[in-house]
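Heads up, there are several structures right after this.
Each of the two complexes below includes chain A, the first together with chain B, the second together with chain C.
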Partner chain A sequence: MKTLDQTTDEVLNLAAQHFKVPRDKLNSGDDFFKTLGINSLQALDLLTRLEQHFSIELPDYELQDVSDFRTLAERIQSRL
Partner chain B sequence: MLDLSKFQSLGEALRAALERWPNEVCLIEADRERENTRITYRQFKDSALPLASAMQRDGFQNGTRAAILMTNQSKWLISAYAIFFSGGVLVPLDYKLPADEQLRLLAHSSAEFLVVEYHLWRAMMQTAEFKSMRARVVLVTEAPAKADLGGAERWEEYRDPSEPTFVPRTRKDAACIVYSSGTGGRPKGCVLTHENYLEQCIALTSLYPFWPGVHYLSILPTNHAIDFMVGFIGPFTCGATVVHLRTLRPEFIREAFTRYKITYMALVPLILKNLERGLRQRFAELSPGKRRVLNALVRVNKALTKNKPNLNLSRTLLKQVHQAFGGELRAFFVGGAFTEPSTLQFFYDMGIQVGNGYGCTEAGTAITLNDFKPFRADTAGKPLPGMEVKINNPDTEGVGEVTVRSKTVMSHYLDDPEMTAETIVDGWLITGDLGRIDSSGHLQLMGRKKNMIVTEEGKNIYPEDIERYFEGLPVKEFCVFAANYLWPARTMVGEQLVLVVHSENERPLTPEIIAEIGERNRHLANFKRVSGYLEWNRDFPLTASMKIKRLVLAEQIRADRERSQVVAL
Partner chain C sequence: MSLDRAPCNEIGSLALAEFEKFAAALPALENSCHALIISSARSAGFCAGADLRELYTESQKLAMGERVAGLHEFLERIHSVMNAIDAAPLTTIAAVHGVCFGGGFELALVCDLIIADKMARFCFPELRLGLIPGFGGIPRLKRDLGNGVVRDLLLTGRSMNATKAQTVGLVSQVVAEGDALRVARATAAQINKFDRGTASAAKAFIKPIPYEELRREIEIFCELFTRPAVEAGLRKFVENTGPLPYLP
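This part shows the complex of A and B:
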């Protein structure tokens, strides 16, 4: 079982890869809309990528009112 | 379609539709690649009537208010029909709002019944406001077997086999209370009558008809005026099929087009632009030869559809583009916010019509709509049949405030005669938007008169509602404004909010205060955030009851400051 820190780290790696930004520019507390400069549809795209990686299914509503990587990782962690 | 002029209420019209097309499929519910539900109009009736019966058993009667708080799905429409059948007033609540705000609106509406999805109910139960929840009967859908429902009942089990009584309503009776905004201090509950909806439906379907076999893809929230009309009342009164997709993931939306041979779809500018981006990307990946062929075909299509659309011709010329949308797509409806003309033109050049218009909840959805005679990307179209549009106090260029008179204009704001009197004057709805009517009768939107913004996702944001998130900030006073309200700009694209801050003793803001502003801002949903702050060094003008005179303050700021002085956050 992964720890929350590991999950958060993997989320940050995948986000950096997906949106082609340097990994060291991303921190767990960052607002991903702002740091990545993305809109809500692009955030859903990222969610799909994360689902594939973690082999889970997250309904769209799980992303509602989530805007930082850490909370996103928590939502993923609860389904692992 | 049914002759809606014969009906008194939505309940009566929907009831007739269920009798008229018993064997047509009315609803398909898909979640990703899975199909959850596929039911005919007869099966829809068989699901809704035992629900209506149980509600009536529990005291539901003529005029009872019932709220629905759900994502797009079949149970939304089944519950709505049970409410209308029983003479109720429907309160569609926005499932995207935070739970505490949903509870505040629920309380404001005085709804006695609530139909809610489990995950939303769970979030409500965790709020401080939950203690004062007054709904008498709560029906929760899709709750896990052992879930704590806090005294609520399971929607799936809430049935009564006895025959329910159809409760008639008149055209002037309230059908729905729709909250157009104001989740902060002053909720704006638009009371819309059965006549408002029936007349709107007649007007819209005269331009975009539905019939059995038409497939409408529903992804906009059904609580939103657009989807409620074109994703429920319109298709149902014509025997068409509504396809609910329970995800907004772009890849599943693309798949749904081809799987369900979609005819119409309503969307917000953000999604339309996303589809445009996807198509442009695919075009860019074509080999140079194929791209040349495509460009030539687009040019031919443009030339041949200059004066009016020719769907069959466009489908033949640009077969692959149309196939990507399932091959049956007739039109997109875009609304909820301003759409950039270049996006509308892009789709029209491909032979895909985008019904672009202008409207607001207070006017019963659409006021103007593109009529394609010929297509124009630079306007919001012409007034729909039955709509009178007048420009108040036009300037030398003909630009003034857009006002509307029609049978579709709401009755009033719930429990707010003062705001109603300010909004509906001598029968004319004052929209707060600026525009002009050009020589061919098209409405061109030129910005806003009111202090608000609309996001690309179609969300109306009122600055007053954002202020509560900055309460307790260690400054003398603060106020939130729409930037275009302070410094008028003739555009409705890229609208932003600005926090105006007046510090104690007019001292410059400390780094700690700036950090706190940034921190609070970060905690807001992305569409609610202020784009920056503006330092102000005079006392805010106040009314006798100590409220900020926003109009006066805005004038002072406009005279003293420039937009470039706003510090970005």
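This part shows the complex of A and C:
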């Protein structure tokens, strides 16, 4: 079982790789819409990649009030 | 048929007019073609659904009675197009990538096969705005899938990824990112080997069109559209400038 820190790190790595942002520019408390500069369609793209990476299903309504990587990782962690 | 209207092939009056031209041309194609592939040239996805901005702004110009009459006419026209593609003797394939939401999902559902890029997502968000899918989505989803999956998609308004969509029987093939159209063409080439008359007979036998439920869907949609909550929801959706669309 992954720890929350491990999950958060994997989320940050995946986001950095896909959206071509230096990994060291991303922090767990960052607003990913602002930091990554993404729109709602790109957020859905990120959701799909996270579902594939962690082999989970994450209903998008669970992410409606989520904008930082740490909370996103918590939602993922609850489904691992 | 390649959809190509920014930002993500929203279906409004312009798209409908183009669809009608395409549907009118279908009978002539039926004698010379075996398969029809519907895909999108837009990177964001297959189709984000009805053009809600147009729906809201145009309806605001009319009194309620006229709004419903106009909406009813629009729905009758889009249903005619969807029914024509659904019933076409050609084998039809939706090559889907990215967003396949609402009316876009309904367009994919008229096709005989859905081939999805692994990044595709399917969703009926209509209930989140106080409506139901209006382009034939519920009867066609019910035709193809178990009622539990239909309720899940419809009543939660959540989106489903391609892998899950294949697991529940919605998608026939999940392919690598960017590969849906190529695989759809390869599938069409295989279909091309079969006797057209036999393929048409098989399709007509196994794919009934739920006309009665489709008609009822138009009536329910128009009834719901008169509710103040729908207007309020559409207004919030249209006026929202945040990174996420207004979808409760």
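One rule holds in what follows: the second predicted complex is superposed on the first by the 80 of 80 C-alpha atoms of A that agree within 3 Å, B and C clash if a C-alpha of one lies under 4 Å from a C-alpha of the other, contacts with A are read in each partner's own complex, and residues count from 1 in each chain.
To be clear about the criterion, a residue touches a chain if its C-beta (ideal position, glycine included) is under 8 Å from a C-beta of that chain, and two chains touch if they have at least 3 such contacts.
Source: prediction; values computed, not measured.
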Partner chain in contact with A:Pro22 - chain B first, chain C second, else both or neither: neither
Partner chain(s) touched by A:Leu44 [first = chain B, second = chain C, both, neither]: both
Chain B versus chain C as contact partner of A:Gln52, first or second or both or neither: second
Doubly contacted chain A residues - partners chain C and chain B: 33, 39-41, 44-45, 47-48, 59-61, 64
Interface residues, chain A side, partner chain C - complex: 33, 38-41, 43-45, 47-49, 51-52, 57, 59-61, 64
Touching residues on chain B, where the partner in the complex is chain A: 71, 95-96, 98, 119-120, 246-251, 270-271, 274, 456-457, 522, 525-526
Touching residues (chain side chain C, partner chain A) in the complex: 8, 44-45, 98-99, 118-119, 121, 123, 156-159, 161, 163-164, 243-245, 247
Touch list for chain A against partner chain B, complex: 31, 33-34, 39-41, 44-45, 47-48, 59-61, 64-65, 67-68
